[in-house]
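Input: structures, listed below.
Both of the next two complexes hold chain A, though its partner changes from chain B to chain C.
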Partner chain A sequence: MAEPLRWPRVLAIGWFYQLKMQAQSGFMIMTALVQPLIFATIAMADQQAGTRSLPILYYALGAGIMGIWSTVVFGCGGVISWQRHQGMLEPLVMAPVPFVLVLMGITLGTATVGLYSMAATLVWAEVVFRAHVQMADPLLFSVSAVLTVVSLGLLGLVMGSSFVLYRNSNAISNMLEYPVWLVTGLLVPLSLLPGWTRPIAYALAPTWGVQALRATALGGQPLPDIGFCLVASVAYLGLGVWLVGKVEHRARRTATLNFQ
Partner chain B sequence: MSALAATEAGSRGHFWRVFLIGGLISYRALFYWINPWQYVPTMLAAPLFQILFFVYLGRAAGVGSTAFFVVGNSIQICSMSGIYGMTMAISNERQFQTLSPILATPSNRLAVFLGRGLPVLITGFQTTCFGFLVSALILGFRPAPAELPMLLLTVLVTAGSCTGFGMALGSVGLRVRDVFLISNIAYFAVLLVCGVEVPLSQLPGAVRGLAQFLPLTHGIAAGRLLAAGRGGGAAVSDILLELLVGCCWAAFAYLLFRHFERSGRRTGAFDRL
Partner chain C sequence: MRGLHRTYRTTVGTLRRRRLEVEAVRGIDLEIGRGELFGLLGPNGAGKTTTIRMLCTLLLPTSGTVRVLGLDAVTQAREVRRRIGYVFGGDRGLYDRLSAYDNLRYFAELYALDPRRMRARIGEVLESVGRAGREKERVEGFSRGMRQRLHLARGLLHDPPVLFFDEPTIGVDPVGAREVRQLISGLQERGKTVLLTTHYMFEADSLCQRIAVISRGRIVASGSPRDLKSAVSDRTVVEIEAYGIGEPALARMRQLPGVESVTVENKDQAQVVSVQSRDSVQLTGRLMELLQGVRVERIGTREPTLEDAYVALVTGG
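Let's turn to the complex of A and B:
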């Protein structure tokens, strides 16, 4: 079989194995399930106690994407470092498929685990907060959900390949959860944030993902947001491929592939 | 000096040496985030973003005031050190296979155990002070100046009670394989249960009842009274309750630690992972 024809298979198998592995990790289940439910409950309880009324579904969707972001930031941020720690980096680089495809399978698989959080927060909103969870456009909602996961997985690829230059990548992961939740408007409307945060928000896929999901669930015009999510995905893919190539080339040249 | 008195003085000196020096060494060895490259993003930046996130969430929902969220979150972030730091300080001995040598020494167990808490408590206190300071600078948080000493005392007591709670989690880590999972859940659960982000009155009765036995609940209530300038007298009962909760958790943790030590000796399974 010609080499490029194998690439989808490599990607699919990498994605599937990563999904299986992460779905059994206690830490990932905590990150994708327990943590978003806690944040969803806080937001919904504040909504009920407060004077401004945004729909419960608004918070449920935001908290769901918070969970996807957490799985990405912790699962993908250290993806290369983790493979190195496990002694798998050299075999993976030596394998006769592009290394970036292997990493992409891992980051997409990790982001997919985040779908747990989306499902969990929607069920939570329906069962505990008696929200009427009904999507205005179920088909486009599904498309938006898949696209959001893909774009966050590709953002994870960019993060994973840039964090490898930083020895304490887990510290960056610890730091990156809250600011991205905040500036991308997952629970707080962008209009309440200072204007200088807007360009940062527009560069990050969760902004477009959550807007697309809200428009398809609550009613609105989701197509521009879906389009921007797609553009962001393509940009992350290009950047990720370039960064992974740089990192791989540098590690081969300096013979530092297995250095911690 | 009689031989007995000299032995007692030596024993006391040994206790304090193990408590202070042993505690400091274990902190340096086992607290992952001591390196500035870890400390700044994890113990300063992340808590700061947490405060900002919840202040804006409160504004978005139109609930509470900025001070409500600043005080709640600034005090809660000391539990990052208390919960994670103590889990590391105790259960990582097992992870790094150094538990058996420590338990083979004749050192006073209480000194070994409590000594680990002091640096963690100080770290938690620092984190909360940083949270208040930055909130004053960027969010305009202004507590009543006359209440500052009592507010600092409240923070100290709350950091202590979180350390006691963390000791209990760390002791559980002597037996459970993945104690950090429990620590993670505990850290996020207190955000909801202890009235940090949602007024306690909004929570169901059972959750409110549970909150009375957890660290932070009374400390945060006292902190909010003091920040609002309601006077130290109003906050004293909450501060004392926070102290009591912390002492109970520390005592429970010590009993748990000794229980796991005894059962580990019996089964020869201190370091089994």
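Let's turn to the complex of A and C:
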């Protein structure tokens, strides 16, 4: 089989084993489940108290994406530094496939674990807050959910490729979690945020992902958001491929693949 | 390898940070023939692992050229990677949450093994390293020796023509270590080119056709084990097993006429002191005089071994 024809297999197996490992990690499950539920509870309780006007599902979906983002942020930073600690980065770089494929399998697998969050917040909204969780367009909702996970996974690739170089990448991850929640309108509408945050929001996939999910769940025009999510994914992929090549070369030059 | 150099840049200090350059490899010229089992020996920090990492495409040389099977390890890295296997020492470098089988399955995909042969090949390599039957267990429960065997299995998975073993028997029990040595020897018989680093001299002596001794980033000697031993063939080694030899006594031993080197190895409670000398007849008596008041269990002379040659080379004795 010609080498490029094997790439989907390499990606799929990387995704599968990453998902298998992350699904057994107590830390990742806690990140994906507990934190979004806390934020979802606060927002949904506010809504029931009458201080928020949008439907409960709006907040449940936002909290679900918050969980996916947290998983990506901690997963991508954490997984790579964890791989280095485990001594896995060298065997992976040494494999004769483009390193970007290996890394992409890891980040997509990590983002997929975040779907726990989405499922958990929707069930929470239905069971605890008695919201009627019914999607306006279930098919497009599923497409949007998959696309959101893929785009966040590819954004994770861009972050992860930079993180290969830095041994204290966990610190960077911690800094990125909250601002992105805020700036991408996961819990409050973008219109409430200052204008200067808008370009940042438009460059980040969670913005388009949550808008697409809300439009498909609550009714609206999801196609522009799905389109922008797709464009963001392609842009992240291109940037990720370029960055990973640069980063791999630099890591070989500066000897940062392994702890000495 | 031709004129191979590798310098690491680092910083030291907390408030007043200072840049530091460490020359790990300082001009190595070495050629290893196809099908050869070659040993690279040297103390910790001598540059062995740095050299292997450059051969494995994991590090770029600061200057010089590295070629593997005629391919440039810098510009043709992916081609080189297809043809080499690297067996790491130690217990890191595996996915703990996956089973042994899953670890190998993942790398089988990365190394583009034929999907129809994958399962059978994983079974074969596990069998060859004595790990068949436990492939479904998660790696986190494996002992260090078991992990080491899994490293071996992964290195052999794609049947590469060139293999690098970095201290492959470290942490492996004596029976397992013997099996690993047999496996390495068998690879060479099958025409594989093997580069081995080890701290166990008997291992290098029994396995390698040629050896290079590396010290402070330079090759200080190379040749067959017999050639290296011949460099100290005019010497005799007096070996003393005793309890409580202090540093002052060791310092006086080093100053005795004819003494080339003195090394100490702790063996349980006892010390085993090896004194290399060109004059063993008179030396034994002088040593006994120095050791008055010390409990000496055994004293005797023996022919120099590869380890003695190695000690002489790396200490300049």
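The definition used in the following text is that the second predicted complex is superposed on the first by the 245 of 260 C-alpha atoms of A that agree within 3 Å, B and C clash if a C-alpha of one lies under 4 Å from a C-alpha of the other, contacts with A are read in each partner's own complex, and residues count from 1 in each chain.
The rule is simple: a residue touches a chain if its C-beta (ideal position, glycine included) is under 8 Å from a C-beta of that chain, and two chains touch if they have at least 3 such contacts.
Just so it is clear, the structure is predicted and the values come from calculations on it, not from any experiment.
With the two structures aligned on chain A, chain B fits next to chain C without clashing. Of the two partner chains, neither chain B nor chain C is touched by A:223. Put simply, the three-chain overlay gives an angle of 80° at chain A, taking C-alpha centres for chain B and chain C and rounding to the nearest 10. In the superposition on chain A, A:127 makes contact with neither chain B nor chain C.
Contact with chain B, but none with chain C, is seen for A:38 once the two complexes are overlaid on the shared chain. In the superposition on chain A, contact of A:49 is made with chain B only, not with chain C. Of the two partner chains placed by superposition, A:234 touches none, neither chain B nor chain C.
Applying the stated contact rule after C-alpha superposition, one finds that A:91 touches chain C and leaves chain B untouched. Touch criterion met: A:21 reaches chain C, while chain B stays clear of it. By the touch criterion stated above, A:253 is placed in contact with chain C alone, chain B being left untouched. Measuring only between alpha carbons, the smallest separation of chain B from chain C in this overlay is 11 Å. Chain A uses no single residue to touch chain B in one structure and chain C in the other.
Residues of chain A that touch chain B in their complex: 26-27, 30-31, 34-35, 38-39, 41-43, 45-52, 54, 167-168, 170-172, 174-175, 177-179, 181-182, 187-189, 192-193.
Residues of chain C that touch chain A in their complex: 8-9, 53, 56-60, 78-79, 81-82, 86, 88, 90, 92-98, 102, 105-107, 109-112, 115, 154.
Remark: chain B residues 33, 35, 37-38, 40-42, 45-46, 49-50, 52-53, 56-64, 178, 180-181, 184-185, 188-189, 191-192, 197-199, 202-203 touch chain A in the complex.
Across the complex, chain A meets chain C through its residues 1, 3, 6, 9-10, 13-14, 17, 20-21, 24-25, 85-88, 90-97, 102, 249, 252-255, 257-258.
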